[in-house]
Amino acid sequence: MTLKVAIAGATGYTGGELLRLLSQHPHVEVVSATSEQSAGEPLVHRLPSLKGYYDLTLESFDPKKIAEKADLVFLALSHTKAMEPARQLIDLGKRVIDLSADFRLRSAPLYERWYQLPHSRPELLKEAVYGLTEVYRSEIAKSHLIANPGCYPTGALLLLYPFLKAGCIDPSREIIIDSKSGISGAGRTPSAKAHFTEVNEGMAAYNVGVHRHLPEIEQEIRRIGQQKMTALFTPYLLPVNRGILTTIYLPLNEKFTQKKIDSVLDLYRGEPFIRRFDGAPNLSQIRGSNFCDIGAFATPSGRTAILMSAIDNLVKGASGQAIQNMNVMMGWDERLGLMSPGIFP
Amino acid sequence: MTLKVAIAGATGYTGGELLRLLSQHPHVEVVSATSEQSAGEPLVHRLPSLKGYYDLTLESFDPKKIAEKADLVFLALSHTKAMEPARQLIDLGKRVIDLSADFRLRSAPLYERWYQLPHSRPELLKEAVYGLTEVYRSEIAKSHLIANPGCYPTGALLLLYPFLKAGCIDPSREIIIDSKSGISGAGRTPSAKAHFTEVNEGMAAYNVGVHRHLPEIEQEIRRIGQQKMTALFTPYLLPVNRGILTTIYLPLNEKFTQKKIDSVLDLYRGEPFIRRFDGAPNLSQIRGSNFCDIGAFATPSGRTAILMSAIDNLVKGASGQAIQNMNVMMGWDERLGLMSPGIFP
Amino acid sequence: MTLKVAIAGATGYTGGELLRLLSQHPHVEVVSATSEQSAGEPLVHRLPSLKGYYDLTLESFDPKKIAEKADLVFLALSHTKAMEPARQLIDLGKRVIDLSADFRLRSAPLYERWYQLPHSRPELLKEAVYGLTEVYRSEIAKSHLIANPGCYPTGALLLLYPFLKAGCIDPSREIIIDSKSGISGAGRTPSAKAHFTEVNEGMAAYNVGVHRHLPEIEQEIRRIGQQKMTALFTPYLLPVNRGILTTIYLPLNEKFTQKKIDSVLDLYRGEPFIRRFDGAPNLSQIRGSNFCDIGAFATPSGRTAILMSAIDNLVKGASGQAIQNMNVMMGWDERLGLMSPGIFP
Amino acid sequence: MTLKVAIAGATGYTGGELLRLLSQHPHVEVVSATSEQSAGEPLVHRLPSLKGYYDLTLESFDPKKIAEKADLVFLALSHTKAMEPARQLIDLGKRVIDLSADFRLRSAPLYERWYQLPHSRPELLKEAVYGLTEVYRSEIAKSHLIANPGCYPTGALLLLYPFLKAGCIDPSREIIIDSKSGISGAGRTPSAKAHFTEVNEGMAAYNVGVHRHLPEIEQEIRRIGQQKMTALFTPYLLPVNRGILTTIYLPLNEKFTQKKIDSVLDLYRGEPFIRRFDGAPNLSQIRGSNFCDIGAFATPSGRTAILMSAIDNLVKGASGQAIQNMNVMMGWDERLGLMSPGIFP
């Protein structure tokens, strides 16, 4: 059985990563790849690493034409660009996995406040399922529209989920999320913030307190945790290609020993893409893979736990999780196309 | 007037950095440079960037012989190696600036607990002045033995000092210190933790909760702040050559607006090496310089402030601060030898 | 059908890369992994990226015991360490693929001159097949002992092979080989030459004119080309984890246009792991893959061609080529276990 | 005595580097810094590393207004932008050091062929002195218009100059120049070729055989060497911030031993910024400094020499050499403002 898929926005980093991973998927055929800037060019001109894997010529994105060829469409476009195509593709009976931010926030006014633009398809916000696979697996299985999570929220929420379920967070103190991202998170379009000599051998926080992934994180914390909790979120750009290393200083409502922390994390037993380490996880051990590696530490007071996760922002933080969601939607083994370990060194 | 100085441990990174900076100092002549492993070799064989600046041949370290040539000795040795030479050099009437950890902790039992070794010269702990220049300037001016601060403590304490002075920290919550260091902090001796392919394109925390700079930080927090406060300290290795980026989540005992934070930081007005920025400081702007660049952010609750500092771990975090202390000891302009801006890019 | 293989020297970079790649091979089971330093430890302690893929405990290397479990053994040991085990394993009827230099040079005296050590098993030099797959495929298929090529020789010889076959090189001028290697080529043992802060943001040639891969290259040039030709070989360490970029300035015995160069390279049509590009190949497009990407340029005089290849030194330059050779020996599709494209970015 | 200087194009990397170096110059005051995009902004907003060194507000570039304030103007603009301002400033009696390519080629038709644009001020080509200080020092001292050399030509010509003077190059073979540049050579304007994730962990040649620095190199080779000689020039982008490592394979017209090579290089005795090393020079030893470090190797045949140089492309390859030229023009010690050693690590 072969699923025909299309990728809208194939020449950005998440689009390219979908193509890289899908080249290893036994049940998928990529029938179309789109790019507005490079329409008409062979795909491999823009992604020479894929030479020999794809014969596709890049097309301009026309949802109707795509719908004639593909049964599932990955939208790897910038935000606001996914709203209308998602509507069209769904109306044509297609499955859609959207990697942009357009369907992640459940409230249109909240979207409009943070993205400074009106949401043209608020009715889809109710239909969309937030694609954090480990948390919403059963909803994903039944859905036709997946809002694939942001990279930072994935790294943070996978750490928080077991503690939210266990109901052990102290809501009177802030959850502190200190999150360091590789430069591919800034996208493939040239910009000062991702210019080699501006970021190499440097490091700095950016958008302190005002990053758009904060409302996404807080939405899910409150929904899963069922009470009002507040996060401080500090993102940084780190001079590496891939990876997000997230450290969370978690306020606890009672004293936690290491053993108790470990038992909360037992929730993840059997999860194919969550790996628990005794020490601190390193970005170098998940490069190119779909794993979320986790470490967790008790502190002397016992009232704060230190949690750490390492993910590849392009894989578990974007395209890998999107494929994992596709596998869930199709009722396949969740690991298909995602079975390679990370590349080290 | 020329001061004759010697550098014990000249071929490590802090020794090399002393030599680089002192080559620009108008009142200093380096009369001796030691290395146990390379004694007999020309200095510039081990430090080719300094070719043309120094004609010295590396010597084995003999405090008595050094004392015949030099008036001030920088000890850039590994910990425990500085105790006896410091005693000898002081007895011979020399000034000593020690860049190791041997005289930083004021309590010998505390040293022994964290370094797992007896302290052979506990009587010097009382004489030694902790060389955080901006805090202990007047004591430094009168001292003959400086315990030059650790790199992480420098980046953290310079952020905390104004708030400790202002008495506005809430001692019931932990001070969270999340600190990312370039690899030169691991020294010049080959090791797995600084092997290129082990750390490049990666990032991880290490020694979570058990790093030896934690007691140094807590000692100074409590001494300056005059009450018991607790810190959580998480250090990371970052794949850049130089720099420490420290973020502190500071618990405040009342609501702080941005304005109030700024007014606390006004304490640093006129400090030649502290620069205040509106945004987040970047490691790329202090590379090779003695600056400590600072940013500070209020949060929605007002009960936590987010503070950030960027220093070059080899300059302000080690050799630059050592030279600044030497300048203070000699009654010179504090900036001598330290006037170059950072190298960007 | 499943082949049982063992890896001697599993915790170095080529050993780890064999394990990474073999985890994706449909017909191979790794039954043993050895390490002298870490014997008794779980394999994944030393290679955390492989957690979930292997349950092996590292063993000390005992050829007899290994031979009881495995049918083919990869020797990923340092040079001189492979001679005796190869003898033993062959005598026990096993296939051996040696990734060290021990069987690459066909002449024991030549080996002894360059490696400054006697060769204890010169009789095996005649049996060993030089495992440059594209050149010696039919011999490899019949062999039980493969001398897997060095990383630099692989990148250089794959460029030279078509021109050597075409007989168009001018032997009166030197073949100039300028070859830039990522740091993983220096191995996993900590050393000054691979210490992060010594090599990051730097670049330099090393062993100019005296690198041990020079006699290996010259041996094959002369053997394939059937006449005496001389190479100048300049290797460099480049601050990246993986990859060798080789540029050859090739002296031609007649005027060559671009078209004529292209027609010589047509020899590679149909080769699964050689990709020809119109422009210059980039290390970023073959990272983690078994490809050798090639570019070639005519010059105004036509008497010199500029050839370039990009390989991943750990894959096509070592472990990937070793697996390709295993596939050839077993009569399998040469691409098994090697089908992933490179990771970009 | 203080010279008033202006910098046109102050926010690019060569402009910023002029400012960094001039901050250490005892006889220079920077009275104006221009930027079209950031006119009206404080200079330190664009160059935060210089905070505390300059109080300037960026201006739009108006040659007449600049001429009222400054006696010497550095033009750090992109090519074609320097022609008219140079004319105006010279007519107003000012000295001009142009860091663009506009006055480097002595022939307007040659310029027009390589830059695909007419040269509007061909009469200035005769007046301009090519600012390769070590070669044209006496002409520079008398000039009012300096064409500061390109970064690649500087690294290559400083290697070739002594051999050209010695008349020992074989003109029947090509001079092969293989030159690896850090990314700052691509400038500060965001572009795909300098986008972090496109170049980090990669390396590739570009503009093979068609780079605009080739005619500049060939012009000077022929002029200094007084005969027709041909070069093959291959530039690469290397994932480091700064530095050009140039290797030249030099065809010699007779057999050269190491000793004979060394004696040719003795020409540089006494040069303050040329350092000769026995081994291969490393980019890490000249970072941020004005040195050109040189290594040279004989080969078995003796008919080819291997020459290597390491320069910082922004210093000796641009702004440092420009300041060196200014010092020569002013009759000052050539080293003023350029006395710092490189930053290592």
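A few comments on the model shown:
When the chains are written out, they are named A, B, C and D in that same order, and each has its own residue count from 1.
Convention: a contact is a pair of C-beta atoms (placed from the backbone, for glycine too) under 8 Å apart; a residue touches a chain by one contact, two chains touch by 3 or more.
Heads up on the chains, UniProt names are A, B, C, D = N-acetyl-gamma-glutamyl-phosphate reductase.
Values in this document were obtained by computation on a predicted structure and should not be read as measured data.
Between chain A and chain D, the least number of touch steps comes to 1. Each chain's centre was taken as the mean of its CA atoms, and the one lying most distant from chain B is C.
Between chain B and chain C the centroid-to-centroid distance comes to 45 Å (mean Cα coordinates, whole Å).
Averaged Cα coordinates give chain B a centre that lies 37 Å from the centre of chain D.
Our note on geometry: chain A versus chain B, Cα centroid distance of 39 Å, whole angstroms. Chain contacts: chain A has residues 13, 184, 197-201, 239-242, 282, 284-285, 287, 345 touching two or more partner chains.
The residues of chain A lying in touch with chain D in their complex are 13, 182-184, 186, 188, 190-192, 194-201, 239-241.
Chain C contributes residues 13, 16, 20, 23-24, 47-53, 184, 201, 241-242, 272, 275, 277, 282, 284-289, 291, 293, 339-345 to its touches with chain A in the complex. Partner chain D is touched in their complex by these residues of chain C: 173-174, 176, 178, 180, 197-206, 208-209, 230, 232, 234, 236, 238-243, 245, 247, 249, 280-285, 287, 295, 297, 299-301, 304, 306, 308, 310, 345.
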